[in-house]
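In the two assemblies presented below, chain A is common to both, partnered first by chain B and then by chain C.
The block that comes next holds the complex of A and B.
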């Protein structure tokens, strides 16, 4: 496998509605934040080029497009993910409790070859708010119990820790991608992409 | 799963769509794209309905559900409170009678039984041979590789020892292919759904001749001249008729008199041998003998024009299976604000008794939702003009490719035989692990035909005898059959008529703002489905563009655009003019992109197919 091939990493963000998935993505890629909440509209995926050590990688961050609202994300959404980010809201204990089911859902739907070592990252968002309900210790314990998932606390609003969390996401996704023998790239016939306008994806095709 | 404190859906939408089949999904995406608020429901826990690709676990559940005797579901005693001027129309929720004659066979069980038998005789033979051994040292005895031998030779795959790998299989309920130059490719590129999909091309097509031999379908001029399917004399004639079909519109006078007649009659008029006629009909056009001349010409032309766009093959197959397509359109709909809820459907339509217009629906949860249009699957309502057709399906998992189909991903068409099986054309689609529908070392082989016998197994079992090695008919040069599944599907189709059509009264028993859509058809392609989706959309929103080009994802989110997207939800009246302006700008932008795309396509085709000029 050519190690210097342009790398495209697919990262998906999961978690209950309203925890700030789209905001995190938007803050990281566009450095913008809006406090006006509405169920996600128009968010598809965002791409960002990042340096991991000395390698330039393209991270493609996929939003749920609101399909998580009634637990209706289809299996297609999970296809080929290199890293899964689980987000909860530190001011809402329920959103923390559901992390378990989001993680299970991911493992069932994406069925990664090596579920034990699949890279997850957990983000506790909205630390700028006063009424915190989930203590950091509790979240850390949960992460440790799940094969030491890296844990970050962020504020998408005030851009606290967002870059750091995504840097870790990129690094872990790249490490996974490097030893993944299952990727379709090994096939002799190249996969065909039909999109003309998403330049950033061309790296994956041939 | 994660639960919101409130599981209720929003209470008002422009359009409610039930079923996430491909046609509904395309309509949903187009409606959301046109700024309508869309609620899209599906009773299943997965997307796609009949168009779905199921993972192994989902398939097991599907088999279980459809193997049960169809019992009439208890009529719900729940009564929806209606106003005086409203009537309710009950919806049929159980569509389980669509699937019949389900038979799943795990061939490793048969094989193991046989192996056991073999082992026994081996052991007996060894036991007998021991006394003959002159110095049987007791120390050696336990080390003797009596049991190791057969185990080592048993590294061959069986369904049982695939174990956890089974979850990597993706089973198309109805396999289909995209014509490289078909409308489906155009629509997914234009709409942006292509961002969610990847494809494999089918580099070779095969057909089977009267002697059951597998022959490559000639797809280029050079192929025609080297092909053994036609004699030297026939080659010129075949070339001539194909060249004609590729540009048939230019020679209207040549086929005019056959327009209403079957395609076969037209082909006969071209002084062709039966051999060639059968070949064009079944392996190129892939139409029935009764198909009209115009449709036959169109199908032949579509095949020929599709060559050379992405390599020397007319077809594409989506990675992970066909179920990715409806999901792609659903995601597009969601990106533009569509609300999705699986495991939920509607049980009643609410119709105004004054003007017979639909005014709302009642969900299976009892929630009442207001809407101004409704789209559902054929058969959901007892009324409407619906016809139904039965197809036979078989899915085989083997440990190798069909002998003679040396290309890993390929299509074989078996023409109907007058004296032998099959009685209607069978399409055999062979997929390997690079399509991400099967695991390494196995192939997934789909067979599909119009039903002619009493069950799918009866119709398609001949394939097992012809191409696979089983324990009852072992063969060294055939792949071993590991697992098979047979089923019949009953597919409904409905006819659509636009407002202007005089035949509108055919579905006059439905409120005018209620539309039904068809199940998949029995063809290998998506052309009919795109056509129907467009027609339904046109009936609903005659003045809106159908899936206009998608702006770049970076352009449509956040910041200044924020207001634009909430306007999309709020309504379309005030912002219409500015939206139109925006469209115009987009169009200009699009032209550039079209050019860009064409260039890219040319690039790929020249790259992958240096003999492109060679195509017919």
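The block that comes next holds the complex of A and C.
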């Protein structure tokens, strides 16, 4: 049972500004939603502990600013990511079109060991709104063409499908972590913690 | 081996025997023993001299005879407190003043039997720090702390045996009993550390500062171990001296050991032997003492020498030449020069170091340094054998010819190059972004900015193009695609094209053409590959996808390259113009329609139906066009076939014919009824005169020519039901009231075939049909103007025929009349009631006198205009209005 060490998964959320990256993260971690828009500056993260197949893992979810594509976050930020979440707004076709660029830019900057199979998850957000522009079929086709990226349609506002999407993210990220035999065990774990709820529990595992 | 230090003789052939030495600032003192076993103290100052061979000399400042009655074995100077400490052979400890050279009593009592002592002197910034002394008195460690001009005993620790040596380490003390070292904290708890070694009789320790951390160097035989302030080893490996050092001192970045036959100088961090001064050969003397403050001194029993470091610049040069780059970097920090000079020097060292590392195949570290000094990527890339053209590579001035490497090494090196380029790419992109922002904010273009933009662009071009080559070399197919797809990539088109083609990465080549706007090349390529084997480029779909994303500014290209697709696979090809994508929806539709007309006319219906139904196009031309296409298709193709097939049997109802004809006609009929945007004036003349009467009726109806439309139904098609249906659809009590009357009219006074405007072989002129007219009259009498109908009725109509109609009309009129009567009565009653209450309200009288005040402002009403509330209160009209306004505001 040597693999029972504490696992920290680094998840990065990318996508154009205003697609709801922060809202998705807040809905998932804090179960809260606000309709007021506030642009994210730089990058910020929240952590959440989740069970994946009887394993307790800590997800460190990095929310990024959508305005400036990769201008302020360095290459180092993307290295060591375990899963990349690409978010678009189903009522705004342009945010869907830029997914390609977000994915390509991420892959180049992160240069993962196995870019073909690096875990991505695509989320089409804001399905609670009426003026949908991007048909689900089109998004699914795109995901299939990119080596079958899992696709979820969510509403951060009404908490539809958010938990399911992040559960998949955690699962895929963990699977990637387990594959990465070369990966140093402590690298890429920053010392800083932004919220106090995520203190390491001292409880013993059976 | 370097030449880091020179040795200069300062004091020569002293008649007395030196037994202790100490130095501070540029001064030093030696304690000697006289023939009478008394201690004389000599104080010298080191001054530079003009003599080239002996750049320094020592001037005797002071001689203190019989300073102590017994010889001194240990001296320690604390210049900041103007104090020095001495221990004599009889175990007596002395404190003396450094200015007066008098022994003073400052809190430490006369102690007899001391064996050794240690000073702990913390030079804190902006403050004198603190000073502690630990004196070994037999089996005791006495700690004295200096405060306010005197020492106070603060600790009295007991040990098992008399230690040979003590030294401070953090908040504790290291001491040596026999051959073992111990560490004791000031609360008295101690632990054994390790032995000083079998071949060592005396312990040797040295507290040093490594960076900003205090450490202790401890010798175990010839091995030197570093301990942290809690006496735990800090480094995995020990420095090994070539012999057992008697004593060591630290002069950053060196550690100097006084060995029995030599003085050995080593780099502390690299543990590297730098220089060895053979004392017995070079100075023919046996050094016994070593001391270090601002100057470094070694002394034998009769001579004193200064260890003089060579100029740091020279040392750096030597280090670089002997490829000791780490040491060179450390020494270069010591050179006194401006920050920019320092930076340049450091870069120069790193540049050589990086190259050296590269030749040793330490690619990761090498490239890290190249990145740090922001080396021109051209030079870095030139280190690799195959990324630059060889003639270009030869033109670059490299320190020496770059190494050759192959196989696994090459692969590893390329992987690190990818990391280097990715990082550099990010940095240069940031620079570019900043530059662009700066240029945007400036009113005029500055040549400097333009120049730097050119430079960054050139770098990015090189970086991206090389990155692509690296990806190809390492077989990283996914990233090849990612890079060429990036909208802001800086790939060199020709070069990237060449390498992609060589590697048969055709899909990526198409994507490259796409991001570079070379659509013609991309589309030509897609066309040439479409018939190929099953690959990502075969078939029509790659071209369709490509064309769908081009947008209206490339309409000519879209039209040109859609041609073969439409011919090869029309059903898929139409998607070029009907996909639910913003770009496709925005294409100029008339151009597309004309194009379809030329290439694949059959697709026009599909296209027009799509833009009208899905995209709600309201352009009349498209609606007209769709109607005409339907019509032509019916008249020229489908209808003649159908007529042929029924061989004179009765025809099915319009739109219910079998096969395509029925489908087309039902669509046409439906469209004529539902579309609001076609223009019937122009269309009607294009329709045939001998068929499609149902359609024609709808067009006429749209023109408002209901009589002719109805005549078509009633007399040509002989379908009264359709005529009635037509009336039901078009009747509108406001706009179109007369349509039923028109229907009756067409039965009572039928128009001629000529009036109807058709030409059909064998058609009989319409005849009067009173019966049908009467049935309609009876059914729809409430929607027909009775008086107008009466005028229409021919004189020979019997009253019997219209009795039914007239009775119903009369009855209904009576109902209307009676209802109006009742309503009239009710409204009169209501009117009277209101009058009654008005009179009642106006009846009351009231008096306004001098005492009548306004309810609101409480002033006299007087003769002003006033208002009266229903409860009898009175107020100025002005006050009342103000009050009302206020209420409205709230």
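Simple rule for what comes next: the second predicted complex is superposed on the first by the 172 of 206 C-alpha atoms of A that agree within 3 Å, B and C clash if a C-alpha of one lies under 4 Å from a C-alpha of the other, contacts with A are read in each partner's own complex, and residues count from 1 in each chain.
Throughout what follows, a contact is a pair of C-beta atoms (placed from the backbone, for glycine too) under 8 Å apart; a residue touches a chain by one contact, two chains touch by 3 or more.
All values reported here derive from a predicted model rather than from experimental measurement.
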| item | value |
| --- | --- |
| Partner chain(s) touched by A:111 [first = chain B, second = chain C, both, neither] | both |
| Chain B versus chain C as contact partner of A:103, first or second or both or neither | second |
| Chain B versus chain C as contact partner of A:135, first or second or both or neither | second |
| Chain touching more of chain A, residue-wise (chain B, chain C) | B |
| Partner chain(s) touched by A:74 [first = chain B, second = chain C, both, neither] | both |
| Partner chain in contact with A:93 - chain B first, chain C second, else both or neither | second |
| First (chain B), second (chain C), both or neither touched by A:65 | first |
| Touched partner set for A:26, first chain B, second chain C, both or neither | first |
| Which of chain B and chain C A:44 touches, first, second, both or neither | first |
| Chain B/chain C common contact set on chain A | 68, 70-71, 74-75, 94, 101, 105, 108, 111 |
| Touching residues on chain A, where the partner in the complex is chain B | 15-17, 26, 30, 32, 34, 36, 38, 41-47, 65-72, 74-77, 79, 94-95, 98, 101-102, 105, 108, 111, 184, 187-198, 201, 204-205 |
| Chain A contact footprint on chain C (complex, rising order) | 418-419, 422-423, 425-426, 429-430, 433, 467, 476-479, 481-483, 485-487, 580-582 |
| Contact footprint of chain A on chain B as seen in their complex | 1-5, 7, 9, 46-47, 55, 57, 167-168, 185, 188-189, 192, 194-201, 203, 310, 316, 319-320, 323-324, 327-328, 330-331, 334-337, 339-342, 344, 408-409, 434, 436, 550, 552-554, 556-559, 561-562, 565-566, 568-569, 593, 596-597, 600, 604, 608 |
| Residues of chain A that touch chain C when the two form their complex | 68, 70-71, 74-75, 93-94, 100-101, 103-105, 107-109, 111, 115-116, 133, 135, 138 |
